[in-house]
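Chain IDs A, B, C and D follow the sequence of writing; residue 1 opens each chain.
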Amino acid sequence: MIQTQSPPDALQIANRSFRSRLMTGTGKYRSFEVMRAAVAASGSEIVTVAVRRVQEGVPGHGGLGQELNWQKLWMLPNTAGAKSAEEAVRYAHFGREMAKILGQEDNHWVKLEVIPETKYLLPDPLGTLQAAETLIKQGFTVLPYINADFHLARRLWEMGCATVMPLGSPIGSGQGLQNAAAIALIIAESPVPVVVDAGIRTPSEACRAMEMGAAALLINTAIAQAEEPIAMGRAMGLATEAGRLAHQAGAIPVKTYASASSPLTGLVGSAVGS
Amino acid sequence: MIQTQSPPDALQIANRSFRSRLMTGTGKYRSFEVMRAAVAASGSEIVTVAVRRVQEGVPGHGGLGQELNWQKLWMLPNTAGAKSAEEAVRYAHFGREMAKILGQEDNHWVKLEVIPETKYLLPDPLGTLQAAETLIKQGFTVLPYINADFHLARRLWEMGCATVMPLGSPIGSGQGLQNAAAIALIIAESPVPVVVDAGIRTPSEACRAMEMGAAALLINTAIAQAEEPIAMGRAMGLATEAGRLAHQAGAIPVKTYASASSPLTGLVGSAVGS
Amino acid sequence: MIQTQSPPDALQIANRSFRSRLMTGTGKYRSFEVMRAAVAASGSEIVTVAVRRVQEGVPGHGGLGQELNWQKLWMLPNTAGAKSAEEAVRYAHFGREMAKILGQEDNHWVKLEVIPETKYLLPDPLGTLQAAETLIKQGFTVLPYINADFHLARRLWEMGCATVMPLGSPIGSGQGLQNAAAIALIIAESPVPVVVDAGIRTPSEACRAMEMGAAALLINTAIAQAEEPIAMGRAMGLATEAGRLAHQAGAIPVKTYASASSPLTGLVGSAVGS
Amino acid sequence: MIQTQSPPDALQIANRSFRSRLMTGTGKYRSFEVMRAAVAASGSEIVTVAVRRVQEGVPGHGGLGQELNWQKLWMLPNTAGAKSAEEAVRYAHFGREMAKILGQEDNHWVKLEVIPETKYLLPDPLGTLQAAETLIKQGFTVLPYINADFHLARRLWEMGCATVMPLGSPIGSGQGLQNAAAIALIIAESPVPVVVDAGIRTPSEACRAMEMGAAALLINTAIAQAEEPIAMGRAMGLATEAGRLAHQAGAIPVKTYASASSPLTGLVGSAVGS
């Protein structure tokens, strides 16, 4: 089952800790088999699920319950499809039910999305604030998906949200970190983990977000819709880890001029010359 | 000893193949101990050495011969410090001697640097062409360090160079991939491996260079001078691998608009709803 | 007095039209003389004034009333210093008074800024929404300063704001168009003029914002604090005009490959060869 | 005729000075009429012509001689189409003849292009060096088109070239200033005017190149192939001037944090409050 003891440099959200800092999704895959393999290759321990689909009872096969191993993965139900605060609150409750049915009785998490339109899929700040307030009162652990707006983020963490999840660029657009400066500023001030969610297209972008100090990433489309999702899942996992390491390892400063790798008085000469 | 059988997706240069696509250096480290650990953490199998230092007999301790395990690493002698084609050719010969002494009798490789000034440390195209021509005639395997100039690169590979090594930005500057467009164009046409050399500061930049299709990278300053070189070495190794995987895995296209991760008719709904 | 007839390609805000699409400010100048000259050199017709200063009755000299010619310039009172919706509403009323005293009896405009902190000077979305609602009811023409958040902008224009003024980057930071993608999306949908406000440092950034389709710009620090504010004022004016022209003139597409300026069957040959 | 007395902040190349810092071309226009009007709208005083076309005697109408007013414009014959140094030298002589015929007896200028392939249209550094050496000996004023390579540029100005003309990106590609860092470095060291040639697509890019300290620009495709070439010509002219002004006016530094336009102790307050 998911570890509750903290591994070294663990990602800590609410009262849980995770080894991997890459969250993944379950939408847009060619098949369950590919999804399972890509999630595994990514090393992801937190997987988000759009619970509205469940509730709508779309007739079907399989079911996610059997398809992913919830003994090993932590479910992050999301409110995708909610156009208003009310809908989002309702979907969050469905999510809690689903988690319970699938064996995660203590899972009260919800990735809160309030998205009034389908063209840009951008979150509504007011609706998100309202739904977050309600859900926190109802005992949920709320991870809100937001535009990279500092004061909106501040209100949400002051309210008790477990993370803030600013977008790099619109969902599925693959436009990368268009809001990097605004995200950096949220990272600089946030007392809760900042998870960059949406827009990442390549491992280099994932890596850069982590270098900037993001606590974690959520990546779905870029893995699921890659030509080879399993290889891309693994690439994203490695890049997330590389970016985290680099954030801690302290990169060199940028210089205007060049600087010789092997200066006259350098190490190699003195060493090898003997 | 270095593998001569090709591992899967091996980097092939001249008649050798390597598992790792990250080349590292030996300059600018705090100590030999840190250097050894950082090189090991990076997974690098090709390590470049500035042979002029050796020849100059700078009085000293240790010596690189004892400090790195040349049974496991392949030495890439470089001509750093050469201001002209003549000097570069001379240093290349020193390098061959050094490799022989250190147990690599069949190592005729040289990373060719012809750099007339010390402010920008930029390579001279004419001197590089001349030295490459001479060295190839003398049986060297030549890996020239160049500005990202398509026709210069073309002349070098037509002449028989084993790779071309365009710079991302000036040595040690940490300015990243300033020449990305020019490098991309060389990658698109080159029949030999393109190794991005110099300028990379962060793993995200390393990753991006590999995503663009670089065959390999050479990174020294960004590892050696990081606050924690060992962690940064590991980060660069992971990022190089992530970028290579992503190059092969086929990233999603960039879209103007958003695209829902969990469309109405999507997979999750049909599955879980049952 | 300010023209009420529309010049060609006029900027139309509420019931007024302007020839220039560059708004300027009055803060941070070395002297009134330089301010007057820089504003004149920029060609700006709309000048914003921080009215709180007036109300605070800071003892002093001159007074803006005598310093700028309000027969030729349109005053845009702003609520700088307001930390809440209430303060902003109060300052807006001061602004209306000030405009009246200075001879613009029909000026009910207000640049609405609700900024709760002084480190980043970022606008608060909730406070801005509340103040805008109140001020519109009270007959003001409201131009709100906002983070580049699509749904926030949408709510403001649906509410009746005369423009939306998304920031390029924080006030006075000179970081340029960090939010370009989010601004582009607001421009694509907005029924009211989109004025890019804050962050612009150079004429090339001003020009780019206009090329993207911004209706106008507001630039203060980059002019007032330049080494030579008058020359920079003129540069910003020219760049704003250049960007507007280019937006209408339809730039060429970006191509992967080159394209000869003088193809074999081209114009010059056929013409000159005769 | 072209002014020989220096206007204020004139562009000085060889022994001539010019008011405008924007050079334009004559290829790719819809018609002579549009070309004439776009060149005029741009304010350009130096216009380049591909002389090979002339020599090839492509049957035709008009002829450039009647189409542009060489009493007012200075002709810059170029060697477009030359694949080798020899061809370039030959075309340069044709150019000199053409200039003479069209009334510019003292015009020995040549924009030197040696471009061996048609896919990328990138200049060959070796061929360019050879042709420049020959042409300088033959009394030409040589303006070589080059990749942004510092040592190549240095060799050319040491040889006596009147300018160096590094490319922003491949001809006609509209990719903008892809080589900005390399160009900046050439500008920092060059004793002759640096003219950015090729790749510019938008006025904001033109403006940025001038802000960086380019002495002048050459823009053809971006004007000729714009939807409205005349308006784009004017936009490019304004942007060039704006960028030049800004280069001299000293832009504000970039700051990490915000900086209030109207600080508490600021100018406006003390003034108006009286």
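Quick note on the criterion: contacts are C-beta pairs under 8 Å (C-beta built on N, C-alpha and C of every residue); 3 or more make two chains touch, one makes a residue touch a chain.
Per UniProt, the chains are A, B, C, D = Thiazole synthase.
In this text, all values refer to a predicted model and were calculated from it rather than measured experimentally.
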From subunit D (Thiazole synthase), the most remote chain by mean C-alpha position: A
Same vs different contact residues, subunit A (Thiazole synthase) with subunit B (Thiazole synthase), by half of numbers used: same
Rotation angle (°) superposing Cα atoms of subunit A (Thiazole synthase) on subunit C (Thiazole synthase), nearest 5: 180
Subunit B (Thiazole synthase) and subunit D (Thiazole synthase), separation of their C-alpha mean positions in angstrom: 36
Distance from the mean Cα position of subunit B (Thiazole synthase) to that of subunit A (Thiazole synthase), given in whole angstrom: 32
Intercentroid distance (Cα basis), subunit C (Thiazole synthase) paired with subunit B (Thiazole synthase), Å: 48
Multi-chain contact residues (two or more partners), subunit B (Thiazole synthase): 120, 122, 170, 175
Pairs of chains, among all present, that meet the touch criterion: A-B, A-C, B-D, C-D
Parts of subunit B (Thiazole synthase) lying in touch with subunit D (Thiazole synthase), wherever the complex brings them together: 116, 120, 122-126, 129, 147, 149-152, 155, 169-170, 175, 178-182, 185
Subunit C (Thiazole synthase) contact footprint on subunit D (Thiazole synthase) (complex, rising order): 25-29, 32, 35, 49-50, 52-65, 67, 78, 80-81, 98, 118-122, 170-176, 201-205, 207-208, 211, 220-222, 224-229, 231-232, 234-236, 238-239, 241-243, 245-246, 248-274
